[in-house]
Structure formats: C-alpha cells, structure tokens
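All remarks here apply to the structure that follows.
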Amino acid sequence: MIAAMPPETSVAIRSLTKRFGDVAAVDAVSMDIRRGEFFSLLGPSGCGKTTLLRMIGGFELPTEGRIAIDGADVTHRPPYERPVNMVFQHYALFPHLTVEANVGFGLRYKHKGVDRARESGVVAEALSLVQLSGFEKRLPHQLSGGQRQRVALARALALKPSVLLLDEPLGALDQKLRKEVQVQLKHLQRELGITFVFVTHDQEEALTMSDRIAVMNRGRVEQMDEAARVFERPATEFVANFMGASNFFAARVREAAGGSLALALAAGGEVRLPLNGTRYKPDDAVRFVVRPEKLDLRLRDLSAHGVPSVAVTIEDRVYQGISTVWIVRDAADERFVVYEQNEKPFEEASRFAVGGRAFLCWNPSHAVVIKPEGQTA
Amino acid sequence: MSAIPNPKSVIRNRVNPALPLVLPTWLVIGVFFLLPLTILFVISFAQRGTYGSLKPIDDFAQYVRSGKILANYARSLHPIYLQIFWRSVWMAVVTTVLCLALSYPVAYYIAVVAPPRRRNFLLGLAVVPFWTSFLIRTYAWMFLLRTEGLINRLLLGTGLISHPLELLYNNFAVLIGLLYGEIPFMILPLYASLEKLDLSLLEASADLGAPRASTFLRVTVPLTMPGIVAGIILVFVPSLGQFIVSDLLGGARTILAGNLIQNQFAVARNKPFGSAVAFELTAAVLALLFVYAAYTRKKGQDVLL
Amino acid sequence: DRHRTAALADSAAHEKKLNLYIWSAYMPQEVLDDFTKQTGIAVHFDLYDSNESVLEKLQSGVADYDLVVPSDYMVRILIHLNLIQPLQRERLRGWENLDPRFLNKGFDPGNRFSFPYVWGTTGYGYSRERVKGSPDSWAPLFDPANKGQILMLDDMRECFSAALKSLGESINTRDAAILKRAAEVLKKQKPLVKTYNSSDFENILAAGDVTYAHGYNGQIAKVIAANPGKFGYVVPKEGATIWVDSVCVPTGARHADAIYAFLDYILDPKVNARIINAISYASGNGAALQFIKPEIVHDPAIYAPEEALTRCEFVEDIGDATELMDEYWTEIKAQ
Amino acid sequence: MSRPHGGFLRAHTWLIYAFLYAPIAILVLFSFNKATQTAVWQGFTLEWYGSLAHNELILSAVRNSLIVGVAATMLATIVGTLVALALGRYEFPGKGFTRNLLYLPIIIPEIVVGAALVTFFGVVGLRLSLVTVVIAHVVFSVSYVAIVVRARLSGFDRSLEEAALDLGARPLQTFWRVTLPLILPGIVSGALLVFTVSIDDYVITSFVAGVGATTLPLQIYSMLKVGVTPEVNAVSTLLLVLTIVLIVVAQRLQQPPPEGLRD
Amino acid sequence: MIAAMPPETSVAIRSLTKRFGDVAAVDAVSMDIRRGEFFSLLGPSGCGKTTLLRMIGGFELPTEGRIAIDGADVTHRPPYERPVNMVFQHYALFPHLTVEANVGFGLRYKHKGVDRARESGVVAEALSLVQLSGFEKRLPHQLSGGQRQRVALARALALKPSVLLLDEPLGALDQKLRKEVQVQLKHLQRELGITFVFVTHDQEEALTMSDRIAVMNRGRVEQMDEAARVFERPATEFVANFMGASNFFAARVREAAGGSLALALAAGGEVRLPLNGTRYKPDDAVRFVVRPEKLDLRLRDLSAHGVPSVAVTIEDRVYQGISTVWIVRDAADERFVVYEQNEKPFEEASRFAVGGRAFLCWNPSHAVVIKPEGQTA
C-alpha cells in the first residue's frame, strides 16, 4: 500500500522510473490520477508517454518506484490482474481473429459465464460506437489504418474497465471522425465514470477532453494542472513552447508593487502586468509569454491607452483556413507569431502587408511570467 | 504491430515467379523419388516368386480377372495386419502428443524467454545429441534401463524400490526410445514459428484479462499453429515407420507397421507385399492430411505446406 | 545396361584394383597390405551387415564390386538371379585345399559359382554360472522354467529352424502342417522370451539380462573368450543350422585379373591360416587347419564338433512356403 | 512484459536437456571402457582413442558421413527453402501436387524409399557412390526444410518486402537483405533437421551406398556381426565434443544484440 | 502511354479502380498530379487513400485503369522500377536493421556504387532532418511510435525520388514537432522539386502544405482543387462537412438576378448572395454553407444593414484553447457552429450566456452554395 494516497485517487504513481540500458524513458515520475477523471499525458515524441502507460498497464516492470490502482499496490501484478485496459499505440489486434472476435476477446474473463447473446450484444454496441458495424467478419489485415485503430478502441471499451489507458487512440482518424469519437469517448467516460489516462500528441484534443493534463519532457513531468491552466498559464518555457505559445518577451523589472509589475522590454518600451510583483526585485530579468491568438496586430501604438504595444515588422503570412498566421519581428529581432481568425464580417481582408510595419498589442492580463527552461513545477 | 500480408500484392502477381522456385524440387523429388516410387508401386501389384524375385505374369487379363492383381492389398487387410497398424498408430499418437507436450515449453523458452544471443546456442545443444550414432544411443538406453541397469541400481541404492523394475523390453521402453528420437523434430519447427511470435499480442491478451493459460490457448497456440502442425507431421509420420527402436528396446516382442514392412523387404524378401503395405500406410496418412488441409482452408488459415 | 557393364569390365580387366564387399572383421588389414605389396593391386573394401544388402547391391547392377562373401542360401539366390558368374577354375590355384565337407552343397552343386570361406553354426550360448550341468539340446529354450531368461534371434528362419529341429524336422520343410506345428511351438515359447535380438545378443548375454541366448557361434565365441569360464555354447544334438559364407564373383565384375590373383592368394593355406587366426572363425580351407592356432581349432564354439555337424542343415529358400512362414511369424510377433 | 513463468520454463528446459544427454553421458563413459562389449563396465582406458587413430575404416566412414551430411544439408536447405517460398507466396499450376510431393518422402517408410532408389539407379545405370548417397539424402530431406520454412513464412509481414522493393531493391536483393534474415530461424531449424537425419541415416544409405561410400552408420551396423567396439563411442565422443566446442565458439563470436523489449 | 496527358504532369491516373472482393476501395479515380506540386489526399478513414497510394507505388495491381509517371505507363511495372518512394502508414521498418541501416537501405540502388562515406553522410543528413541524430544504432523496437514514424520518413527522403508518396507521415507526431517537420518537408519539396503525394487526415495540415487537395469519399474523388478553394468553396455537402464547415442553410430562390441571388431562408428571413443567379429559377431549393469561423454572434439583428442575420438560441460553449466554439440553433432547429478566437483585447470575455438568444451574422460573400450530397465535382 502506498503511503499518503488521497482516497479519491484511482491511479497513484510514486517516483516511477524505467531505464532501457542507459536511456531513462521515464524518470522519477509521481502523480495521483483521480477516480473518474479524464487525465491526459502530453509531450513530444519519445518523452516517455507510452512507457509510463505500459507500466501502469503492467507490460513493463518499473526499474524503480511503485504503482497503486484503486488503493491496491499493483507494481508487480500481471496485466490480467489489474482493473485496467489499454488501447495500444500499434493496435496489437489479433491477426487470426475477426474484428468481432477481437472485440469480444476479453468479455468472458470480465464477467464470468457471460452468455453468447449478451456477449455479441456488447460487441455490436462497441463496434457501432466506433462506426464499424458491418465489419464484424473482416480480419485485421483487411482493414484500413483508421479502421484498425477503431477496432482496438472498441476492444478496450467493450470491457468498461475502471481505468482505461489510451495511447494515441485517435491518431489515425480524420478530424471529423475524430471529433465525433472524442465526443463519444467523453460521454462514455462521464456516464461510466471510468478513469481515462489518455496519451495524445494533439494539444487541442488534450484541451477539449481532459480534466487535467500532465506535460512530459524527457521522461519527467514538466507541469501537471487543469487543462486550461496548462494552456493559459504554462509553468515553464518548455510547456509554453510545447503548447504553441511561442511568443516570449524578455524584460527587466522596473518597479515591483503589490498589485502590478512594471517591466522594461528588452526591445524597448514598458508594460504593466496586473499581478503580484512582490516576488520580484527591481532589475530582475524576467521572461513572459503571450499566446499567438491573444496577440493582436494594430496600425497604431496603443501604449498611451495602457495597452502594451511593441513595434514590429511583418515578415510573413500563412493562410491556415480557419485562421491566418502572421510572423513578425521586433526591434531586438525576436520572432513572434500572431493568429488571426479569418475574415470576421466588416474587417477588411488584410490590413497588413508583408514587409510592412505594425504594432503588437495584447491584453496585459494575458501575459504569463514563466520560469526559465528546465525547472519543473 | 501485427503482420499485414497483402493477399493481392504485386510481388505475387508477376507472371509466374514461382516456377524457378519449385523447379528444383520437381526435379529432385520428381525424378529421384516419384519415378522410383512408381516402379515400386507397380511391383506392389505383382507376386513374390521363388528366391524373392517377381513371379512372371503370363496372362495379364487372367491375372486381373482372378483379382490376383490386388492380392497383396487384400492380404494386408487381414485382421492380424490391421491390428498391427492400429497398434502402430496408437503408439505414434501417444509419442506425438507427449513429444508436443514436452517440446513446446522448451521451444518457447528458447525462442521467447531466453536472451536472443543464446538462442542458437540452446538450439544447437538440443540437436547435437542426435549427431551421434542412433545405435549407440540406443545401446546406452538399454544400459540405463536394463534389469541391472543404471537406473535400477540407483533406485535400489536409494532404497526407493526393493526389487528392480522391468523398464526394458516393453512398450514403456519403446515409448522412451521413440520420444527421445523425435524430440528435436518437434522442437525445431516449434522454435521456428515461436521465434516470430509478436509479444505485444500476448500483452494485449493479458490486458484484456486473459490469464496465462487462456492467452496461451487463444493467442499463442493459434499463432504458432503452423509450427505445431509441422512438428506433428515430422514426428507422427516417422514414428509410425520406426522399427529399430521397437526391436532393440521393445525386445522385438511386438511388431509395428515399420517392422512389418522391414520384414517383407529384408527377411521374407516379399517386395510386392511390403510395397503394398507401405503404400497403404502412405495413402492413409495423406488422407489424414487432406482432411486437415480442407478443414483449415475452410477456416481461412494456412498452416500446412 | 549389363552389356555396357561388361564392356567396361573388359577395359578394366587389367586395372590393378579390387573392390571387396564383405562382412566386417572377415579380412584383416595386414593380409590385404601384404597382398598389395606382392601384386601391386590396391584392395578397397566395404562392409555389409546382411546378406540382403549383397542381394540389393548386386541386383541394382551398378554396385561395381569384384568379390562378395554371402551366406549359403543367398548364394543360391544370386545364382538363380544370375547375379554372380561362374568361377574360371582353370585360373584358380589351390582349389584342392578347400575342405570337402563344405563343397558341392545344395546351394551351389559342383561349386560352379562359389567356394567356402568361413563357416559356422547357429546354436545358443548360456551362462555357466546360472546353468548347472551342460545343456546339449534345444529343450531349455522352450522350457517354461526359463521364463524371462531366454533370448531368441530376431530372425524368422533361425527361430523356425530351432523350433523345427526341436520337433525333429528339417529346417527347410515346405510342409504346411509341420510349419504350423513349429509355429505353435514358437507361439507357446514367446511368453518365455525376454527379447528377440539379432544385433547385439552377445552383449545381452554378457550383461546377464538372459541365461540362454540363441545366436551365431561367432559372436558368442567372443563373449566366451572375453569372460573365461563364464559362458558356454551349444550346438544342440537335434541339430541346428549351419552356414557357410562363400566367395563369389558378381556378374560384370570388372577387375578379372585382380580377382583371380586375390582368390589364389587367399586359397593359399598359410595366408588362409593368417586370416583365420586374426578373425577366429572356422575356415572353409582344410589345408589351412595345420597352420591355425590350436585354441581356435579346439574351441567348440568356433569349430563345431564333427558329430553335431552331421545333424546340421543349411538354410535354403523354401519358395512359396516363405509367405506362409512369414504369416505365422507375423502372428507370433503380433499376438 | 513480466514473465514469472520464465523460471518454470527454464527448469523444464534443463530437465529435457538432461533427458537428451543422459544416454550421451553413457555413450561417452563407455568410450573409456576396457571391455569390448558395450554392455558391461570393466574399468577405465584410453586405448580406444589410440586404436581409433589408425582405424582407417572408421575414420574414412566419418569422413564420408561428414561429406554427405554437409553436401546434403546445403542442397536440401536451398531447394527446400525455395519451394517453401513458392508455396507460401505464389499461386502456380501444380501447387497442390507439389504439396503432396513434399509430404511423400516423409510419409513413405525409409526402406521403401531405399529399395525404390536403388532399383531406379540400377535402371538408369547410375553407379552407386557418395553421389548417389547425397542424392538420396537430399531427396528425403528437402521436405523437412520445406515444411519448417513454410511454417515460418506464414504470417510474414509482406509490407517489409514492399518497403525494400520501394527503396529500389530488386526481388533478389530484397530476398537477401530482408526476407532471408527474417526467415533465417526457420532455415536454420530446417538445416539442423536435415543434418541430423542425414548424419545418422542407416536404412536408405545402406541401399544406395556404393564402393568407398561407407558412412559411419553403415560402418557401425556392419560391426554388429562382431560386436560394436568402443572405438565407435570414442569417435562419437570426439565428434560430439567438436560440435559442442564449435557451437560454444559461435555463441561467443556472435556479438550481443542490443537488449530489446523481449528480454 | 496514356492519352491526353499534359506535359507538366508527374503522375497521371486514369479511371483507376481497386476491388477487394466486393469492396471497391478505389473507384474509377482519375487525376493529373503536376510535376513538383504538393498534392494531398484527404478523406475519411477507409475512403481509399492508402489503396490509391499503394497502387501508385506499385504494391497493388489495379483492378482496372492505368497509371503513368513522368510520361511512362507504369501500371504493370514493379515498385523498384518506379521513380517513386513511399512512407508507409505502418512504417514497415526492417526489424533486423538499425535505424542507420534502415535509412541507408535504398542508397546503393538509387546511385550505383555510392561510397560508404557519402552514404553515411546522406543518412546522417536525413536523420538530423527528422531530429533523430544519435539514434543511429537503435533497433526499431527500441523506438517510440513517433520516432519510428520519423525513421520511415527519413528512409524515403534519403533517396530524393522524383515522386514521394507519404501515407500519414506525421500522424504520430506532437503538434510542435509536426509543425517543424511540415516546414522542413515543404522546404525540401520546393528545393528538390519533388512531387509530393501526401495522405493526411488533418485538414489544417493539408491546407497549410498543399498546392492542391483531392477529397475522397468511398473510393471516389469528391472534389479536387486548390487548397484554399476546397476549404472556402466546398463543391459538395460531403466536402463542406468533411472540411468542418458544418453550417448548412436551407433556402428557396426568391429572385435570381444576374449579379445576385435573393434567398428566403427556411428558418425565415431573407438573404442576398452576391453571385450570378442566372443558373437558378425562382422557387429552386438551394443549400448554402458558411464556415464556423466566418459566422459571428451578434446581440442585434443587422439585416437592416444588409447583413444576413438569423435569430438563434445559444446551446453550448466549448473552450478550445485558441478559440471558443459556440453551438447554436435556429428557429427551424438547425444546428450551427461558430468559432470565436479567444479574447482579443477590449472584447468582454463572454457577451453570450448558454441558453441566451443571439443573432448569427455573416458576410454574404462567405456563403457558398453547394451541390446536394453525393453528386461529385
């Protein structure tokens, strides 16, 4: 039994480490995943997400550390004695079994002596959930990539475990289908109160679906927090960067009052951030970040109105369908990215020309002061 | 990630690339096996003449009409022979089953559990004993099993038994001998197909709650079925034709199909009858294979040649 | 094809080369070496383990052997199948040395095709330690008292011979009724038999697995020699099978000159004695007797006593009766 | 994946190995036995190894056996692998026929095969020699390779070959660099089987061996008439030691592959 | 040689069909992919993208139809005789070869007698391109999902073929790495003038990278057009839907003039679309679509100002990080989706409450009249 485990915890992980030779795939990770919560693991390729999941599932023995599920220490229990199911990143469908048989595989163990009728009922249900009704009799090698992935998903869902581990379960689906499955998953999770541990490489997916997110980097957890906070208030430069908030402003503390913090931008100009400045001393070097969609390009300097404004040159413009991306540089030659949703009514198509000048403005409350790279939450 | 064979892949569709691959076999087996066999097949309809040569047939029509042409086959259906066949099949079945049961864990250990760089080593160790003379090995077994043999001495010495066990010159000894001789022919094919087993599938099964036994039966076995079948064929059939083992270890007190044929060729010098029996046996086994092949095709798997 | 072989033979006739196909331990290497030294003829030899091998090889017609040494009944078959050729007596010196007792036998009347090389008998060996007195008949091998102490040769003809002799019949009878009776005897005997074995029966006897071991005198003689006083060999008084392994020249043998040079050489009494002293079998060469070690000549397990010999018979092919016998044999074994 | 049963498996494996080597131990023991018979122990001696040194018969028999074994193994392995590929990959006329053709040599009793072959050689006038022996061995061992390799092939991930072809490798090159390495375990198993049956085959060889083609099994059986001497044990022992040494060396030479998810 | 093939065509496909049993995975597809263009195949899971790609690569024989590459008919040529390389959806890495050997595999065939030195140079280059330097000696099974995918990518890139087929080559990468690789790919493609045929299930990816896009559905091509047009001017309801423009308006033609088209909305109200109405007759039933980001929620009805305005009830609000998604319903109970980029300066956080009423407005020029489902372009 693991010490100091809040009762509502579903999966408790304590200083878990997995080494492959000298590679530390997972490095002293600790976390409490709450019962019934939708918990996402986010992080760059190779950061250790799958390995962590595989240890929870019981497919890798940790080099160090312990895992408890529903209060019981399962660190050394085999997979089939853990109340968890996994959707494998590479599907791991049984090539010799039909879609039907794959999905039905686990049922007989879950509920002993389940009658054929109910069984096929559950299978049909799971398949319709992933929109594969009609594919019952196919063999895996007769399916497309996305179809295989959906079968893998159905197979795990059919068992309605208390904890479901999903390793990029929607990676191979087109956005439309993906959105639909996302909704269904979320629904299912709420309805059945299953704990989801969800690995994804898609920030948006993580944000829309998760209660909490853990951002991993090189086997360690950089930040673990409510979805929105990870996005809006990245704790470290890495997180900020990874969440696509790649607009970093270097500055020095000019004046640190209780209610606000006056900064002198490296690129020149001054900004006031509405946050408790007591933690800072004058002349401290600080960096803050503003998300691209929260930056605005203006023709006029608005600092007079107390709006942070930085003079920039427009370097490039990338059409992205829903939005347009502006690439700009300030006097200090720092690069900034601005998202602008395309063509709201009554705004002239493009007020700015590539090569032209403009002012970068933002709502001071959207600036997030961050810890320098490395230091974790 | 599970294998994705592509039934309609181009590599298959180019104008018959298979021919150069099968030609050598057709040559080797066709010429040096099928032809010779046809000769013997013809002989199997003849009659033994004095001195073991063939009796000349002066009036073929008459020979056919009188049914003499099938005399050998008719004779081989005599209850006495049927009884022999039955006993042989039974022996072979027992041997094969035991062999499979004993070999699978070994193959599994070598192919899956043992560190990869030790596999060939272990595999080698499993076969080298069989690069020594069969006869000498059998003598060694006799030495171990006989009344004053090592095993009995040890057992007596440890006081586990009061008087020696009859281990030699009976079916038990024959079984030991057959098992011993056939084990590598089971281990190797099993190894070949276990070695490519995709372990993530075992993980998936375990994840879905299947205890080890079920995982084994529902995933491992089906996926290695080709190896199992290969092993069964390579063990069952030869142990059906075995005769030296039963002669030496069994004390030649029972006679198996193998002996029967052997005697016809070597002692009675009745090639026609010997061949007839042999071909009957062959037909029977082939029939078995057909049934099995049909069955598996129906299930859309390929586990035979 | 035979013709082609013959043609080849002529060309090869003068080749200084000889291919021997012979039982193992029938020809000491040093004798061959000397022969090669004298004549410059290189002798190569392969070994066989059964007369049937000889038959198969010669029947194939592609075996290329110059001399074979099959047993009596096989000689008859080989003659019948034209697989061996008449000896050119005029090219042979030392024929008179041969032991007349083994000439002009049924399997080769007038010895047109063969002459005796070594001979022996099939009786049985027994353990002196376990048997009181010295047995002299087949009876012990059929005596229920010896249950589990008997080894019989795993050989249809030899077993039937034993049975037939114990019934006072000829071993070559074709009479179905008699064969049936013999079969009955063997059927009854089977439960008494510990093992049928014709490959290493002598070892089984030596190891003490059995008390009585039906077998060829040669092997049993070796056991007796290796364990002085422990074992004995009997040629039963009812008679037994006697065998003679004879030298024959296969049809289409190619090295005629070498062949006759070699035959002359081994017909020489002194050379023959050297061979016999080395291999300790009974020689078919009477003249050699004087040069053979006495312990060999006086070993009853090698040179069977005269009076026993008179009651011994050669195994002959019994034609269609073979099939009958074979069926009985199968029955006995299968029961 | 955690594998607690590894312990049981290892134990079982070593038990089986013990079973396999029990008679071998006796065989080796008797190569040091004073007695000439193989049945009773009469004390230690090395004389058999000595006499072996100039037992030209046994030595040449060993030589022949090795020649036949190696030749047959190489030929049979090649032929068998090819046909396995054909059967596993392609549809071609006479596929079913080929299948059964391959089963026959295993099903039909050796003695029949031997008799048939020798008759056949006679008919076509092919002189019996080591060549005929090799032919015979290839004939009856192609099937072993075919069956084992075929088993290995089933479920082979064809997309790997497609990738190779896509990268410009011709079918042959694809075979060498992708297919072969991946089915190698099957081929090795097959080859081992062939060598095992070939090196110790008596029945068929006894039919088709000609002048100067006496293999070790033939030699040994022929010695039955006078009793097999411990020289045979000695030679078997030497061969055994040799092969085991070779295997161990090979094992040492094999550079350790990077540890993977498997172990 | 295929008839009527424009000279600048790189890959010409003529009525190509592939059937698996009775499934027509690809159904009479024809297209001309231009030399050096970045061409994307977009479509739902199972629509036939991979199959089409595999036929171009030479791994499947078409049931019907022909394929020509650089002017030569290759329909029956084996893969190794086609100047194309493929990044497989399931990577197809050689398990027995190291990363290095995998990437170097094809070099010796591409340029005969390439010396080891140059070879390893190319390999290193390709690996650094996908940020896997340092993994040279690993075996595939020692790599993470994303790493494997990148190796597959590097392996194909190393050969610099004239046509590169990519089957969801970035599917397993996190958005950040993905963006970077996208940029590199685009760069590479321009620099080397390689023709890219790119399968993706990510509209945004397709849009940002492609010159042209073919949207497939059930084995057929629904629309093939410039990236932006497919997005802005979907030809069919399916395409519109698939591109996430799920706001359909049913209407009847009120008045069809040359310069404009007056429509009566099913939900009530009237709109004028600035397009040539001559193709329509009064009382025709038409459907048009407006993209979510082009819809705006207003408190006031602006129809007076000639701005289409539809009264709706606000049903739900989903936070998506960069933007907020509003779900609304009109009088006819039609469901509409509105994207609103989050919190530009000076706009009050949320002017609308779930359950409240509002008006759906848009710039008439953003309305796209579409063909009914099924009919293809």
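By letter and in written order, the chains are A, B, C, D and E; residue numbering begins at 1 in each of them.
Everything below uses one rule, namely that contacts are C-beta pairs under 8 Å (C-beta built on N, C-alpha and C of every residue); 3 or more make two chains touch, one makes a residue touch a chain.
Predicted model only: the values in this text are computed from it and were never measured.
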More C-beta contacts across C-D or across B-D? B-D
Among the chains, which is located farthest from chain E on the basis of C-alpha centroids? C
With centres defined as the mean C-alpha position, give me the chain A-chain B separation in Å. 58
Could you tell me the distance, in whole angstrom, between the mean C-alpha positions of chain B and chain D? 16
Could you state the distance in Å from the CA-based centre of chain C to that of chain E? 92
Counting only residues that touch at least 2 other chains, which ones in chain B make the list? 1, 3-6, 9, 11, 135, 139, 142, 203, 206, 212, 223, 265-266
In chain E, what residues contact two or more other chains? 20, 58-59, 78-79, 90, 142
Using the touch definition from the top, which residues of chain D touch two or more other chains? 1, 38-39, 115, 119, 123, 155, 157, 159, 162, 165, 171, 182, 221, 228, 257-262
Quick one: which bits of chain B touch chain D in the complex? Just the residue numbers, please. 3-6, 9, 11-12, 16-22, 24-26, 28-30, 32-37, 39-40, 102-103, 105-106, 108-144, 150, 180, 183-185, 188-189, 191-193, 195-196, 199, 202-203, 206, 212, 223, 226-227, 229-230, 233-234, 237-238, 241, 257-258, 261-262, 265-266, 271, 274-275, 278, 281-282, 285-286, 289, 293, 302-305
Which positions of chain A touch chain B when the two form their complex? 57-59, 78-80, 84-86, 88, 90-96, 105-106, 109-110, 139-141, 155-156, 159
Per the touch rule above, chain C residues touching chain D in the complex are 1, 4, 19, 23-25, 29, 44, 46-49, 53, 56-57, 59-65, 199-200, 202-204, 206-207, 216, 218-219, 222-223, 226
Would you mind writing out the residues of chain E in touch with chain A in their complex? 20, 42-46, 50, 89-90, 142-147, 150, 167-168, 171-178, 201-204, 207-208, 228, 231, 241-244, 291-294, 296, 307, 318-323, 339-346, 361-363, 366
Chain A partner, complex, touching residues on chain B are 1-6, 198, 200-201, 203-212, 214-215, 218-219, 222-223, 300-301
